[in-house]
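Below, chain A partners chain B and then partners chain C, in two separate complexes.
Moving on, here comes the complex of A and B:
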């Protein structure tokens, strides 16, 4: 649905021929006509969409304006983006939940105020500012150490030679700063909600009962408290993912990763309908998948749902 | 009351805040109006107060600041290229010699105006659509809620980015409309829900039986009763609108040259941030501080206008949980 709309809007607003027509000297009319036919611009938009969708079903995402097949590049770009997303979201959830739990347990202590302030500032900082600040920080660290420990351009060093292990190290060096840029925002986002849901649970009767029957406080908190407090969080994961995708676009752009987000920006700048529609489809699939994952998590955490 | 920052503190704060007349003792002889009570509660929240001062200061600075500086955003100083901040140019200069202070103020102006307009438009639309849907029900409700659901599914960032070639070269006001178009839906749903309950109240029924037209009932009886929600919503929307605008402008999909906004400044200078940090740090700093201030004011307003809001929200959460189960 979203893909159809994106495709239609993109087809209606983009004007790839305009770029061609403005070229100096103007190309002959015949070649413009030929290009139009190549891009199916002579057909009405719904028909173009059907043609494109038909290709997608067979695993063919069409060609870019510069006439390169999209499918070739798609796999590599998805890999790049997913690596960033998955690491970012895993770290974000893990530390976000941890931070939220800790500040709920130690409510109104110094650490709680500190965590609150930290996440408030982070939530007010857009990813592109955060990313650039991290870049500056990484530059500072590199300068003070004297070597390039934290590399923040690209995802691998071009022409890097070495064995598998060295390759891994090289990728890790590239990975740290961009992942941090994504994860910090996620940590702030999840910790806020985790804190309030944990506070709800802390005042509940069943936790007191658990302690009364002889569990230690720690055991009661983590076995009974945390699990219950995580249930409302499961629904948030789906929303958090949407946030992540947009954040990923900025992050890829800032750190020179050639992932899906970067492709979207390139696609729109080049007025390329096929690229834009492909990326939209990818985003839609991601969001659907995260929604499904949220449902699964929900069922895993809340036995009442499994019974139904 | 710094605890106001935290959403789940119902147990800690409502006890103190909801007992209005007790903890905010009115001066003898003066009746305690609701407005005064809200005002007192808000003033007691230090963070919200700081935020309000910062926001007002920024609006003032954005419009008065350029008048005080001797440089303007469209003139260049050919004796200073890429100079770090010094007495002549307090924010430094960029690579063609434009004063960064003048540029930042110009960008701040645009971003703040866009934020304010988007918030006003989207909150107005939300109030009208939500109240109309809730009041009339039937076909109007079905259609409006269908539009709401449709717009909620669409990724706004993507759509506006895709449409950006179309409003290139046109007025920035189009961008305002686009941003507003994607920001009203959630509020409209809440407004609809509140209208459904307000509709059954005696004063609305009384007005209806007195022969007031629906338009008047909505404008005079229903919407004013949701004022607190709408004020909070408008405040928070200013922040998110500014964030959305700067995000789009960062990629060149939002505000287009010759206009400048904080987003275009940050985007244009992010590349050189490691070597010429002042080009990036000043606009970025203004942006972050502004959004932070808006969030604090929004939180403060919510606690002052609606001390039970956290409790309500918790109940809702439980309801949805039970429904899901």
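Moving on, here comes the complex of A and C:
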């Protein structure tokens, strides 16, 4: 549905032929007509969508306006995006939860105020500012060490030669700074939610029961408290992932990563319906997947949901 | 079942001589916005091995806080001073790691609310096994096996299977059993039970109390039982301590306290409890006012503002606990104990004398024989069912909950019908159907002769004037953003009263329910629970109804406040000739206030009739069990009483047993020969007249006295 809307909207507003016609010198009319046919622009929009979807079902996402098959590039771009976001979000969740828990346990103490301040600063910093700051920081570290340890442009060094191990090292060097850019925001975001959900659990009777059994406070908190406090977070984690894949556009652009977010921007500026529709479809799939993931997480964490 | 390493020690093997727990001059305070809350102020008590100490008091009296202090489970903001010695070892000042070695091993605790006391994400068996694993070096298998044994011990059927269940799959009573299993897992020397039965139904309450007694027998532990209900501890405790405003105001042997209370507060508490075993109309003692604020205590006796015996000397200094009647065990904190001792009456009767309580007069209409009075509310074979649906997209009906399965009763002018039963029996559904006034799924509801199935919206609106409702929770039933004036005036505005009429009537209603009209511009948040319930009653009376539906109107209130509200309801009934439908699970209150009583079980009325007849000579086994489950605040009587314990919980109303619905839990059914049992299984017993105005639905109905 989302894909259809995006396709229709893109088809209706994009005017690749107009761009073509305004070229100087203007291309010959015959080639414009040929281009129109190639792009199926002579057909009405619903029919174009059906044609495109027909291809998608067979694994063909159509061709870009520059006449390259989308399918070829799709795999690579998904790989780039997922590598960045999966890592970023995992770190974000891990440390976000940890920070939230610590914050809740030490409510109104210095560490809680500090975590709160840290989160609010990060949450109110636009990602491009954060990205730039990180770049500067990374440059500083590089300068002080003397070699380029942290590389913050691109996802791999062009023309890099070496065995798979060196390749891995090279990719890691590229990965650190952008991952940090994503993770920091996520940490800030999740720690806030985790803090309040943990605070709810802190006052609960079962935590008192656990302590009355003879568990120390710390043990009771981590065994009985954390697990229960994670339940409401499951939805957040899952959908956070689904939406971040597109939300990461800025991050990808700043660090010169050619992922899905970057592609969307490229597609729109090139007035390319197929790219736009493909990225939208990908996001839709991600969101559906996250919904499923949320259900699975819920069932894993909360036995009350596991019916039959 | 041989896990020898985990058996209980033989009972009664005192580790050290002297008391298990010795609390001396305990003070606990918390910071709050309006100053330090002094929750416990100089409390001293002891518990000997194998002894049961009851701590009684209203909410906010410091009884729970003092026991949490013993467990070391108070928040870190609490300031604790004094001494808590457990088996001679000082607990105050110990760190969490050291305390956790004692908690659950030597001292364990049972909490009030079993619904939230277990971690929802772990199985019950695991949680019990954890209690063992924390303290003992045993294998996980051994601990799991022991957990099953413990579940079996606390009376959970099919323990092997049930150990794998999660807490949400357990009923409230079963969860409390699991918590008790946890508490006795390590054979403790002291068990603290904090209101262990308050959240439970009476039949389950009796089971849990019995279980605590068993627990005490197998572990030989000393028990501290905390409660606000003097009935619960009467038969169970050896000694009693009454707390008020953070201090002990009276302590002594149970019999002494119940028979010769020497502190006006204890007297008031005893006098405020409606008695199940008293047939003549008994005067209930309301304790006026509210407990004092713990941030700003008066100089003198904290009970002085509420005390009927107050003299000037009471305001000068707080009286210490002093021995009374020359007994070293019995002490009371009152300067006029000798005068109380001088009264001839005992226990609750002395309270009536001192507090000057009166029995409300019978309403005028009650003098006309019942049959000649108008029927205010009539239910004829009322049925309400809920579908059970499955599936998200395609809902299919997979079953039916028979919430109300054909009930019939009527209420006549100036009469109170008590509707009682365990939770889940359909009381609330019946009530909602009556208030809804729609055409029922089956049967008929008629209000003042008008059938609900035959009325249009306009007529229905008019009927609503004659019928009003007071809800259970006085906190939730008033809009916090409306002034009291608006709350009470609202029904009149809706029904088109003029401004002048409303302005005249609202202050009148306030006076009627015992509140001052000057308070009208205040908001509900500024009133106490009892006062809010009075406001709720004033609102219900605004339209001069003929019938008031009362949904557990006093169950959320403290005992001393409860008596005042009950007295008010009786007084109003007598003054205004109201009819009440009084829904409650507390049979003592029902006996006190109702003229007739209907007992519900699984959507059916199994016994109905004149209140004295039903209580003195109950015919249905379920009524007998219900009545015998209710504790009587009289230690001598209570110890002699034979309890009928029902097994298990209420069956699901989605799948009620065939024939007689009660047969699965019926002790009578179990004792019958097979051919008679067949009748119970196959034929649903009809409601038959047993005595004048007394019907019961049992094939083998026979009188059994249980009080």
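Criterion: the second predicted complex is superposed on the first by the 301 of 308 C-alpha atoms of A that agree within 3 Å, B and C clash if a C-alpha of one lies under 4 Å from a C-alpha of the other, contacts with A are read in each partner's own complex, and residues count from 1 in each chain.
To be clear about the criterion, a contact is a pair of C-beta atoms (placed from the backbone, for glycine too) under 8 Å apart; a residue touches a chain by one contact, two chains touch by 3 or more.
Bear in mind that the values here come from a model prediction, so they are computed numbers and not experimental data.
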item: Partner chain in contact with A:145 - chain B first, chain C second, else both or neither; value: neither
item: Greater chain A contact set [chain C / chain B]; value: B
item: Touching partner for A:304 - first (chain B), second (chain C), both, neither; value: both
item: First, second, both or neither for A:124, with chain B first and chain C second; value: first
item: Touched partner set for A:132, first chain B, second chain C, both or neither; value: first
item: Chain B versus chain C as contact partner of A:172, first or second or both or neither; value: neither
item: Which of chain B and chain C A:212 touches, first, second, both or neither; value: second
item: Shared chain A surface residues [contacts with chain B and with chain C]; value: 231, 302, 304
item: Interface residues, chain B side, partner chain A - complex; value: 2-3, 5-9, 11-12, 153-155, 157-159, 161-166, 239, 243, 246-247, 250-253, 266-267, 270, 273-274, 277, 280, 284, 287-288, 291-292, 295-296, 314, 317, 321, 324-325
item: Interfacial residue positions of chain A with respect to chain B in the complex; value: 1-2, 5-6, 9-10, 13-15, 104, 107-108, 113, 116, 120-121, 123-126, 128-129, 132-133, 135-136, 139, 192, 195-200, 203, 231-232, 242, 245-246, 249-250, 253-254, 264-265, 268-269, 271, 276, 280, 283, 298, 302, 304-305, 308
item: Touching residues on chain A, where the partner in the complex is chain C; value: 204-218, 224, 227-228, 231, 301-304
item: In the complex with chain A, residue positions of chain C that touch it; value: 71, 73, 96-97, 100-105, 108-109, 111, 113, 116-123, 130-131, 134-135, 166, 168, 179, 182-183, 186
